[in-house]
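What follows is chain A paired twice: with chain B in the first complex and chain C in the second.
Moving on to the complex of A and B:
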């Protein structure tokens, strides 16, 4: 079989392949600016850093102050409440004809009930919603009782059960009470609030309070400081250390390189937790003191090898590369080579590792604080906040959800930023192959 | 090839020795000894205790004894639990961690490979976007929060069903295993899915896939025989570190789900400063991980001939 010229058709003219033309790549920041995810992530990261740095000035509430009348409440605004005296109650002025709440405040719920002829004493119960008797409060021969026990603004069902001489119980009386938020005189004094016309103003709790009545927003902000402190210091230090170590190994080469990198391999295998504890003990830190410094120390001393490997690989590659050789031939000094070729090639890579190391460190801090090896109770950290939140997650989920969201959002932002950085530097992605 | 294998094994043994030595000297660098508080009421008692645990000998002698015992697989006696040998603790609790770890690893690898392959196959379409979103979420939520949420979920599900579908915590039956294993494997699954996806995408753009398509192979066959198998290679290398992450990360899950595994024991020993248990479990874990990494390295050489060649030349 043979072909004739008419069997063929010329191809339409094609544009030269784009990949072949060499154009200088735009600077990294411009590539990132074009990436919506990266911008959102960067804004989140900056916002978190600002909040961690300036939080205590923006929201000057102390993370340790306990608002005992507002335990585990949801988001609430600022309000003005009455200050009530908390003197012992001697009973009502006159008899009542049914179970009555003479005062219903979070400082005290004062109950009085009519005397029943057959009863010798009365048992008082309190239930948070529901129809059962609930928690027993007291058994009293009187016909009145003042409840001071951790009251908050919610519906309580009080039951009074009369007890007869033979020990049998009669039909319970019950009443539903919605206490009004007030502050006892003593509590007001303790909190340093001076009443004006018998009233004080309580600050807002935009994120509610925790199980000990502490303001969640201020705890989150102070916790951010702990998390960010560890999350930023440790990676910055170990990546710097690793970079210098790797550069040294790569530049010296030969058997020095071999020994240095073998040592790095060994360090990777060392158990982190053990060394953290070791530093803790060696620095004379007792079990009730903050373990943040040994934590950072252990992270720095054990996590540098990955950065070292990265930099060493780059240095070795660059040493062999044609452009470094030609620069050398042209008489470039070592300093010039490091400044002009090594740093611009290595820094973006280190930036990527940093953006992945930071969330890792934040996680580690949270995890160690979670098991009690990190910060100690009065100081909040996102890990301890989650730990506290888990205990009350069934009844007050916001106490777990808010710190968990804070960790997740920060870690997510750093991860997305790292991804975007890596993509921006990856030639394949830039050409649109992926 | 033999030389490469021997070299890897010798290197692994050296690493284990390094871990053991570093652990030993780290523990002995700590000022004071475990018997300076309430336990040793009189100097005589203290001397007896020190003699019992061999702490009265010079450090060099202790070190040699420690290495010798370790070679025989003897990690000594617990400091806080009377007469309990560290070996017994490991023998009793490690299988629990191992079962949990293996199941978690299976779930993670299966889920990660499948997820990554699906995401790559429908690249930049809905399944890909959904999966990658899930991956990013799984990476960004701390494991203890996921564990707590999983427990909450079990409670709600049991409430809804009106009977106990799954136990919330504890250990003993198969139904105790699934949720903790899933929680433990989730992070790894996400990581592997991501790795698998990018490796699949790399493979998809290669010439041999084009060749396979050109010679008329079906999509399924290309996917199964060429893409998946080649894309698995980088995932296999990551298995060593992955196993490490799962076994060492297990303690949070063990703590929250009240599983009597070695990880939980380790944290407890750490909190009570039980030196022999800490040293024993550390060296045991270290040796275990190094062995796994060496095995994975050797397996990788079997799977990918290029590594074997390269390793042989070195």
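Moving on to the complex of A and C:
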């Protein structure tokens, strides 16, 4: 083969329009802004974080206070109610000629009825508007009875059934009663409320109260703190740890890489629940003390390998890529390489895996608190709120639905955000879409 | 094709035999169907400890005395009896026979009691026989069974002698450990005795016709029972064994069983359906037990008084538990406990406790002076939803009114009992059901020698009151001793009584005469019948 001199002449300058134009990819935030779902998700995430951080200041009710006279109520406004004495009732001071409610408050409904000649005792029933006599309250030889049993503001139908000597029952007397909300003296004192003119004011409960009369909104907000604390701390820590570990393995390569990654495989095989319990025991945490620390510790020590593998793979690929080669040839230091080339290329990946790890951690915390391995009463977390709510699921579903919604919304938002981030950064997907 | 035919006929057989599987009640046959929570571990009256065995044995066996329809003691195998300071005599009726026709004699009681006390039998309820002379020594293995203070003077006269007077002995003999046993039957089957329907023998109103392990028991009227004319039910079938409370309720809804207990979730459904629901007072006391051991902050009286002054049982019962019939408790003795000529709490009302937060804070200040700082208190509780709610209420009240920190230690029943026994608690939520109808069944709980005194409360005055109540034959002296006990319990804050539990249940409207009883097997169908 022979060459002509012209073969070694420089090419004539090419027309610019012939070259493939390479525009830099738009910044991440602008890509996300175009995706409605991602925007909603991002707003939700920010809102949840804000609620967790600032909520307890905005809504300063204590999550532990039990408003025992307002157990399992729905959304309610602020009220001013009477304080009534809670001395035992010795019966009416005058005879009544029909079944009468001498007092109708949620502290006590005091009933009196005329004595029936054939009756030896009376059975008192209470019904909340269903068929039949309803709930048996007592059987008494007296002609009066004070009902205190979890009264709320609704219509009750009381029936008094006379029982004769031979055990047969007569025609029931009945009355409808609408008790008004009051507080017993002892309860008011316990709450630290000082009556003015015999009245105290009760705060509003925008989301109602739970089975012990605790404000749901305040419990959700304080629960968000627990859930977010675990949900953010643990993933941040284990992903950072994993990233460093993976970068080290990827950069050093060779037998070091081999040893490090086999160790990571070993850690993957360790069971999380078992280790969490082991940490609890090792740290001397007895039942009744918060298990959050061993939970986070177990998550951090056992969950890093996935992040490490991800980063190692990426680093291995980048290390061999042309631009890293040329930077090396140009005499760039390792530090420069990491800062200029590796980190910017790995960071988006980490962001994606973080946004998936957070909901998983929130779920784990909820699950473990649900089975009693996480926070202890009275500290709320979304998991314990669900656990509490299950007990009254059939009668007061809001106690389960609200915390369950909070968990679902947050987890969904993080997941959608993670999806959008991954799509935005995945060049192939993006090209396919646009 | 043949397979298909077989399958089809099997299907029809099953399908059409299902309705035959009994409805809840049958008036014509006087037959009822019920369910059981678990299979009885043993129907050997010397070994039985649990509720289910007690229920079954109360129908299969008859002791010296029994509880009648109104809860009073009525004659059983003994037609009359006499309790003296040094012993008791029972005169047995001559017409009573076993289900094989052999007579029930005094010798069979002697044999049964000796057997229950024999260390080789390892009966957990042996202690209930301890009022009988030498019983403890026999149970320890220090004396031969022949030394036991019980003998058959003749086949129909049983003589019992005591170490110390035991005024409530007649009531004890209604308990299942005191039932007679047939030496020939026990020895014939050995370890397999009372493990199957055909490996035991009955002297009660019913006999066990069938026992399919884990699946079904059937009781049939015993035609040889001495008082068989008074028994109206012909058969009690127990074809369902399940521990799930909502299953029992669903069976009741389907008209498969005649009686079902209710809990808070099934109660609301039963009310919504308009079922008539019933209450039954178990006579069980729930309380908070303090740990009085030296290394615990709760040994301090001022601290216990502070806690007593803020834990208002009525708030707990009416606002937190919220089930009908449960009563706030203020005394060691449940309000329905009988003693002497009537109900104990009416003769000697419980000591009054003032629920006063300021007073409690003064007690607490005193406690802090005496103890220095007060560490977080460990509150040992059960793991049921109700127990947890209850515990969170205590935790809130102590924190809110006194600023006391508490840690909730939620444990399963077994775990809780063993932690209490080891003293690993400051305050424990506990309960106690009576074994027999005398206040001493609660009173001796906190005697210094009682194994069930888990908080190790030791008090000479209390011990003296217990001894007096155990040994005096004068009812008034005993009542005063019980009153002293309930005052010491309250003044020294040994425990804080919280509530008296009740059972809620639904019962078939045509089933009548069922007796719910704290003692002598519950529920009791001896006097029950099905109305047409």
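Here is the rule we go by: the second predicted complex is superposed on the first by the 411 of 434 C-alpha atoms of A that agree within 3 Å, B and C clash if a C-alpha of one lies under 4 Å from a C-alpha of the other, contacts with A are read in each partner's own complex, and residues count from 1 in each chain.
Just so we're on the same page, a residue touches a chain if its C-beta (ideal position, glycine included) is under 8 Å from a C-beta of that chain, and two chains touch if they have at least 3 such contacts.
Predicted model, so just to flag it, every value in this text is computed and none were measured.
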{"item": "Chain A as common anchor, with chain B and chain C clashing or fitting", "value": "fit"}
{"item": "Partner chain in contact with A:394 - chain B first, chain C second, else both or neither", "value": "both"}
{"item": "Touching partner for A:253 - first (chain B), second (chain C), both, neither", "value": "neither"}
{"item": "Partner chain(s) touched by A:278 [first = chain B, second = chain C, both, neither]", "value": "first"}
{"item": "Touching partner for A:130 - first (chain B), second (chain C), both, neither", "value": "second"}
{"item": "Touching partner for A:86 - first (chain B), second (chain C), both, neither", "value": "second"}
{"item": "Which superposed partner A:412 touches (first chain B, second chain C, both, neither)", "value": "first"}
{"item": "Which superposed partner A:372 touches (first chain B, second chain C, both, neither)", "value": "both"}
{"item": "Overlay on chain A, chain C to chain B nearest C-alpha distance, Å", "value": "5"}
{"item": "Shared contact residues on chain A - chain B and chain C", "value": "287, 372, 394"}
{"item": "Contact set on chain A toward chain B in their complex", "value": "265-266, 269-271, 273-275, 277-278, 281-282, 284, 287, 359, 363, 366-367, 370-373, 383, 386-387, 390, 393-394, 397, 400, 404, 407-409, 411-412, 415-416, 433-434"}
{"item": "Footprint of chain A on chain B - complex, ascending", "value": "15, 18-19, 22-23, 26-27, 29-31, 123, 136-137, 139-145, 148, 152, 155, 198, 201, 205, 248, 251-252, 255-256, 266-267, 270-271, 273, 278, 282, 285-286, 289-290"}
{"item": "Touch list for chain C against partner chain A, complex", "value": "265, 267-269, 271-279, 310, 312, 314-315, 318-320, 322, 324-325, 355, 357, 378-379, 385, 388-389, 391-393, 395-397, 399-401, 407-411, 504"}
{"item": "Contacting residues of chain A [partner chain C, same complex]", "value": "64-66, 68-69, 71, 86, 126-128, 130-139, 148-150, 184, 186-187, 189-192, 211-213, 286-289, 372, 376-378, 391, 394-395"}
